[in-house]
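As written, the chain order gives the labels A, B, C, D, E and F, with residue 1 at the start of each chain.
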Amino acid sequence: MSEYVYGNTPTFLGAKWAVDKDERGADVVIYGVPWEGGVTWGDYTGVELGPKSMRIASARYSGYLPELDHIDVFESLSLADMGDVDIIPAEVENTMLRISSFSKDVWNKNVFPVALGGDHSITYPIVKGWSESNPGKKLGIIHLDAHYDNMNDFNGDLYARNTPFARLYEMDAVVNSSLVHAGIHGPRNKPESGKFARNAGAITRTVNEFKETNDLRALARDLYKQASKDVDAVYLSICSDVLDHAYNPGGPVDTNGLTSYELLTVIHELGKQGLCGMDFVEVYPQQDPTDFSSHLASTVILYVLAGHAERI
Amino acid sequence: MSEYVYGNTPTFLGAKWAVDKDERGADVVIYGVPWEGGVTWGDYTGVELGPKSMRIASARYSGYLPELDHIDVFESLSLADMGDVDIIPAEVENTMLRISSFSKDVWNKNVFPVALGGDHSITYPIVKGWSESNPGKKLGIIHLDAHYDNMNDFNGDLYARNTPFARLYEMDAVVNSSLVHAGIHGPRNKPESGKFARNAGAITRTVNEFKETNDLRALARDLYKQASKDVDAVYLSICSDVLDHAYNPGGPVDTNGLTSYELLTVIHELGKQGLCGMDFVEVYPQQDPTDFSSHLASTVILYVLAGHAERI
Amino acid sequence: MSEYVYGNTPTFLGAKWAVDKDERGADVVIYGVPWEGGVTWGDYTGVELGPKSMRIASARYSGYLPELDHIDVFESLSLADMGDVDIIPAEVENTMLRISSFSKDVWNKNVFPVALGGDHSITYPIVKGWSESNPGKKLGIIHLDAHYDNMNDFNGDLYARNTPFARLYEMDAVVNSSLVHAGIHGPRNKPESGKFARNAGAITRTVNEFKETNDLRALARDLYKQASKDVDAVYLSICSDVLDHAYNPGGPVDTNGLTSYELLTVIHELGKQGLCGMDFVEVYPQQDPTDFSSHLASTVILYVLAGHAERI
Amino acid sequence: MSEYVYGNTPTFLGAKWAVDKDERGADVVIYGVPWEGGVTWGDYTGVELGPKSMRIASARYSGYLPELDHIDVFESLSLADMGDVDIIPAEVENTMLRISSFSKDVWNKNVFPVALGGDHSITYPIVKGWSESNPGKKLGIIHLDAHYDNMNDFNGDLYARNTPFARLYEMDAVVNSSLVHAGIHGPRNKPESGKFARNAGAITRTVNEFKETNDLRALARDLYKQASKDVDAVYLSICSDVLDHAYNPGGPVDTNGLTSYELLTVIHELGKQGLCGMDFVEVYPQQDPTDFSSHLASTVILYVLAGHAERI
Amino acid sequence: MSEYVYGNTPTFLGAKWAVDKDERGADVVIYGVPWEGGVTWGDYTGVELGPKSMRIASARYSGYLPELDHIDVFESLSLADMGDVDIIPAEVENTMLRISSFSKDVWNKNVFPVALGGDHSITYPIVKGWSESNPGKKLGIIHLDAHYDNMNDFNGDLYARNTPFARLYEMDAVVNSSLVHAGIHGPRNKPESGKFARNAGAITRTVNEFKETNDLRALARDLYKQASKDVDAVYLSICSDVLDHAYNPGGPVDTNGLTSYELLTVIHELGKQGLCGMDFVEVYPQQDPTDFSSHLASTVILYVLAGHAERI
Amino acid sequence: MSEYVYGNTPTFLGAKWAVDKDERGADVVIYGVPWEGGVTWGDYTGVELGPKSMRIASARYSGYLPELDHIDVFESLSLADMGDVDIIPAEVENTMLRISSFSKDVWNKNVFPVALGGDHSITYPIVKGWSESNPGKKLGIIHLDAHYDNMNDFNGDLYARNTPFARLYEMDAVVNSSLVHAGIHGPRNKPESGKFARNAGAITRTVNEFKETNDLRALARDLYKQASKDVDAVYLSICSDVLDHAYNPGGPVDTNGLTSYELLTVIHELGKQGLCGMDFVEVYPQQDPTDFSSHLASTVILYVLAGHAERI
């Protein structure tokens, strides 16, 4: 067991302890963003516990995936866990700056970063960090989610969990025609969200494409093709609720989503195509008696890394 | 937010408040039937809370379904919520009369009624209300369920949750050869149930057809073809347990059922073929810590209405 | 209702009460192995309650499966429940001997035995019982599981839940090239497990084969073909976690597993091919508020028996 | 076991089944008021399930209380259960009329009525029923509760759970100087509540008197003395939250309340002094995993009846 | 940490591991009786998990009780844990014999035995073991419980959890006039129970004596005085439900019981008076999310041992 | 409703929003310390959620306490909520500095500060802040807790939840003979803890004094007398587990503690004697389904403030 990150919380997947920011030698850097901003629905809250809970669950796993040709991810990739961004619960804008600053530092290290949310608002400052680390460069994004998360604001708050893609549409570094909202479904979306995406030039690929294809890997390659057009790099942002709540009891209560197999197969293929980094957000451990969603995080991230490793 | 139906309970999906029975201008009428009759298995109880719980969960949703060609159901259809049938927990027959009387009034209004259960026994009086509102007319029924629910009685009770289809077999207005039990599966059925259905001339389409087809929409059209033969209208009755318990933790504990995608795809297609009304029954909120099944109800009903809207 | 096995616990599926070991006339014998050995991960414990919980849940079921051509398993097969092996929680080796002795007696009766676990370590003594009952005979095994369970030992314990297949590799009666690890997946496996299997000559068929085939029954027949080569009989051992945790909340928290339909279809086909017996292990009722996994057990076993019955 | 009242719900404490209103021969009549009106705090809801849950729990009990000189209440008193008032969830005023009408009929029978709530609003129509059954007569009330429940209205609703004593202050039949709010405590009260009580001439006896006395029975007699002055009868209304939440997990979350012993001792003594009837309200079974508060109801009511029996 | 007794279960309170029956040098012997016989009420079950759960919780504790004059029990007394009696769930009489045989062996060792239940039926064979180990000697018993547990049988079963004191009344070695049922209360007792006790010559001290005294230690001495008359030794049997369910969520749902302080003070004093052994029964861990009752067991037993230590 | 502190979290008890540190006009300042350091027992974790959960629950309350002579605390005292200390989960010493710096600023404001924990380690830096704000002054402390929390370190960590009083013993500003450990009880204390306290010159008053007194207010005054000797001010630190777990399901699982009445009465009296500030620590909301401990916090703090108000 590695040293603790804090309390009873080990590093993610037994990664090298790098809370002191000394991640030297690592190919992949893990960091947590224990942030919950505006609560957009009832008492659905507690997402700030995600990084802690995902790390604790990860102690159960190796890097070996027999079903992916017996790959052992840790033979190819070494991981370091840099701990959490130092967020301030009551200061939204300040926290956004701290996230973008932290992630810029990570992007500068030329490693593959994996951010553990936190709510979905964190994707905006993470990508902002990329743009600051890569001046003049362009980014495509594959956004796997049930929802667009592209509202302009939540009661005036520009950085709530349902707004990050509105901010990303506005960012110069992001090429909207290479921003692919994939897996979108369900009536928790608002009618204007689809229009916002269309007007911004972003692409929508609904869940039905995932359900109706006979070749999930081909679909993944097609998503990647769109996202990688006219850009320098492709980022992957996964909201847990792209999964059906049956597979994700610690995530938002959304039906008609992906199965774990569907998600994993697509993201493994995306990893093989080449990504610059990723986040996994929206895990609410308090709603999840067996911590299923927290356990899921290890497999989700290992599948992306397995694809990534096969490129090396 | 609309006015409350009662307590902390809003109208379903933000429908017009019509608890005073003034539903004028509505295309679709919602009403609840908070009825639990005979308890047929252990402590599996609390289904009378279904309408309350489904309404509370529905406050989270719009009418927009991006995955169905970005339809906004509420652009085509206006909804009114007429509150609940005034049931009397200790009086089975009296309550059955009240349900049929209430539903007859709704059928008379020439709208699309959606009944929220309550246990499955409510389907019989709802259909009886149809027959009284449509004298001389004939009805086909598509019954999506794990179970036949066609036992003659439960310890002498003719109106328990496992008996409604025995009553419907006996009703003149129902054409049994257009009564399709679809999705049937599992050993909670009794051997005699299959024989009862066969003897009555009803059709059985088991869950395996849903699992083995490559074209769920074609299957749906085939179900509709059978149900619409020699009748004036087709009614849809959905028991939550046609879904696998993985997707329906607030419903009965039945395995090997449909996924939410399978159910939704079929009922959207059924809606497109033309239905006269529907019910959704057997939601037990006390067993469901995240109210998944109650949330599901909104999507289930929106999918049928989306199909219905496309006909207009 | 049959007599109780103990406390408030009826016989499994209403089987004949044969706790006195008088199972005469039965085609199938059920017995429980309420054993929990070494706890290999955190507080994941309570598997000794499996037989009790599965029996209590089974009271809800008949033997009728409408989706399998309306078979009533109990028309072809009569069941007897011989109660539980008398295990001693603190004595691992002694308990292993008691399990093998009990199961040898059952094997001697020339019936189809169904063992309800208990943790997976019980498969080794059950198979040992077979070898003692069938001297000089050879056995193939189809092992449906997320994990290899073939570690040499757990902190020195040779009979923990993650070790039985290491013991079986060593057993003369077991033909390793007919030992098929099927459904294997996920990073809770250790990298050395795949190598152990390969070195022992055992076969691995990962979950992806189940996900990618268009014909689960053909896959099942292929598994059977491998397992039945050069042997006198084929045994089936199912760990609940071959199912995705979505379908198995009372089992270990493993994602990317089979759906219930996938598992049931495969094991029905295996039953049709011809099995000599089976076990179903790793149900932890304390983690499962609606006892879904315990209910599942009845359907799982009925599907195998349905296949078995069709051979008679 | 008596016949069911409905579903799986037996009569309270095995009382004679009198849902047909034929309670002849009974000394005590039980009836339920499954009413939840305006929800005054967050999601604290589900009180309409109280009568069902209290009846189901009551099946566990006899009428024997060894600690009260081995009294067997059922040797002195015979009980009948008249089922529930037929409430209409969406119609507040209509339901209040139904409750007062039902309770007037019961008062007319010259028995000791016990009403099972429901929220506290039911006390007003029950007392109104008394006044209609006893024209010209005067009533004192002992109100055991953490809270005054005497707000004028809840968002305009005159009959919410925090308003019944405002209505009772206004009723001619109630002598306010004989209305004793006892056990009052805690900051969920509003400052104006104390003033309302004072202005109405009602008496306040806070929880501290119960905690500081050495003689709970003397305190009870003193409460009775105040309540019985200048009146023809004394009524007892108990809100579950007069108990500390430690003893009442199915009631509102209020601390610093009575222990069960304190409550039981006081109400036994009140029963001995002479009461005309009682209610027990505010049990929310959904919050109470072991149904402790529902079980409590049997003991609470038996203690009052034990006191009542000793007078006969 | 001591070695495990089984699975993830350490010895009780870090006692010397003596599962091999080599308890040499110990003053106190702990053993478990993981027995659940006839289930007398609904689904209240799982008491066989008591010894495991109490041992796991005990790992949190030392032997130091600052409030008892800073005693460290382990300075005076050394403990050994002999594991569990080897019970057979389906064989009542055989198990009773095994318990009496095991406990006879322990009594023969001239140590202070502490038995962890299991349901209350285990007290009879434990005392039988004493009588066999002490031929011709007489025993008094202090029985702390809400209930008499003295029914003749439960549906013919002479050894169910509500019958042990009927069996003890019949035993020659037990002097009934020195058998004190203490703490008795509540309507889960049956009227005949009080009569059975009276007819057998046993003593009843109800919970009200505990509640009304100003001197719990004097009460304890008085209980001891009665129990120690005309006997050679005094045994203590504690059912968890002598505590109010508020203090005992893992025990039966009984109200109006003792507080933990009341119980602990009395049993510390009893320990000081001189006991020959004790049991603590009726802990149902599945009902107890924070394992409060299992944690309680450590304190309960330490309080008796503290009293016992002060005598040495 | 005041503005949110963050997410869905209002200010405590509707205090003035002063997250911008502008608390002008306030008599009392509330702040949170969402800190969890070293986890000292198993999975007992989540205390960092305390301030959020206590604030959310507090929205239910006024400042009115009828049982304390109808005091309305808010008539005398105005509250401001300054939000939370900006802690860094992975940096223990840095966080300690931030807490002492924040609290020093608050002490400088000459208001009555109330800190909401967080684990008990926060008391040390809070008191350190006092000493820095009051150079040369001396402090007495009343420490209400089941445990001494005075271990030298936890695996080398000097600032874990079981160590703060070791640090306070060492602090010049704290007069150890005026440091009163009150309510101490139970075997989760270690034998050396009592010796550490004695050697440091601190005072121990065990829970038995609270249980055995007839005059809790006199006991409180006596505690105060000891704590106020030779010092300039007296601070109050309350660990939730001084309460019995029956009254505190969101706190550590400790039995034999105070009732809420006992705690509240003592702290009200302490408030009347004169305190300079307080903290309330060790609330773990994840263990507490009805948030009882979080609700409790409002009453606990209002009782101290009521005493404080009576001095003005």
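What we mean here is this: contacts are C-beta pairs under 8 Å (C-beta built on N, C-alpha and C of every residue); 3 or more make two chains touch, one makes a residue touch a chain.
These numbers come from a predicted model, not from an experiment.
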| item | value |
| --- | --- |
| Subunit A onto subunit D, rotation angle from CA fit, given as a multiple of 5 degrees | 180 |
| Copies subunit F and subunit A - interface residue numbers shared by over half, same or different | same |
| Approximate Å spacing (C-alpha centroids) for the pair subunit D, subunit F | 38 |
| Whole-Å gap between the CA centroids of subunit C and subunit E | 39 |
| Centre-to-centre distance between subunit D and subunit C (centres being mean Cα positions), rounded to whole Å | 54 |
| For subunit C, residues that touch 2 or more chains besides their own | 43, 244, 246, 259, 289 |
| Residue numbers on subunit A that touch subunit B, as the complex places them | 41-42, 148, 184-191, 193-194, 204, 206-208, 211, 244-246, 249, 253-256, 259, 287, 289 |
| Residue numbers on subunit D that touch subunit E, as the complex places them | 57, 60-68, 70, 72, 75, 244, 246-247, 259-261, 264-265, 289-292, 295-296, 298-299, 302 |
| Complex contact set, residues of subunit F against subunit A | 5-8, 19, 34, 36-39, 43, 45-46, 49, 52, 83-84, 86, 88-90, 286 |
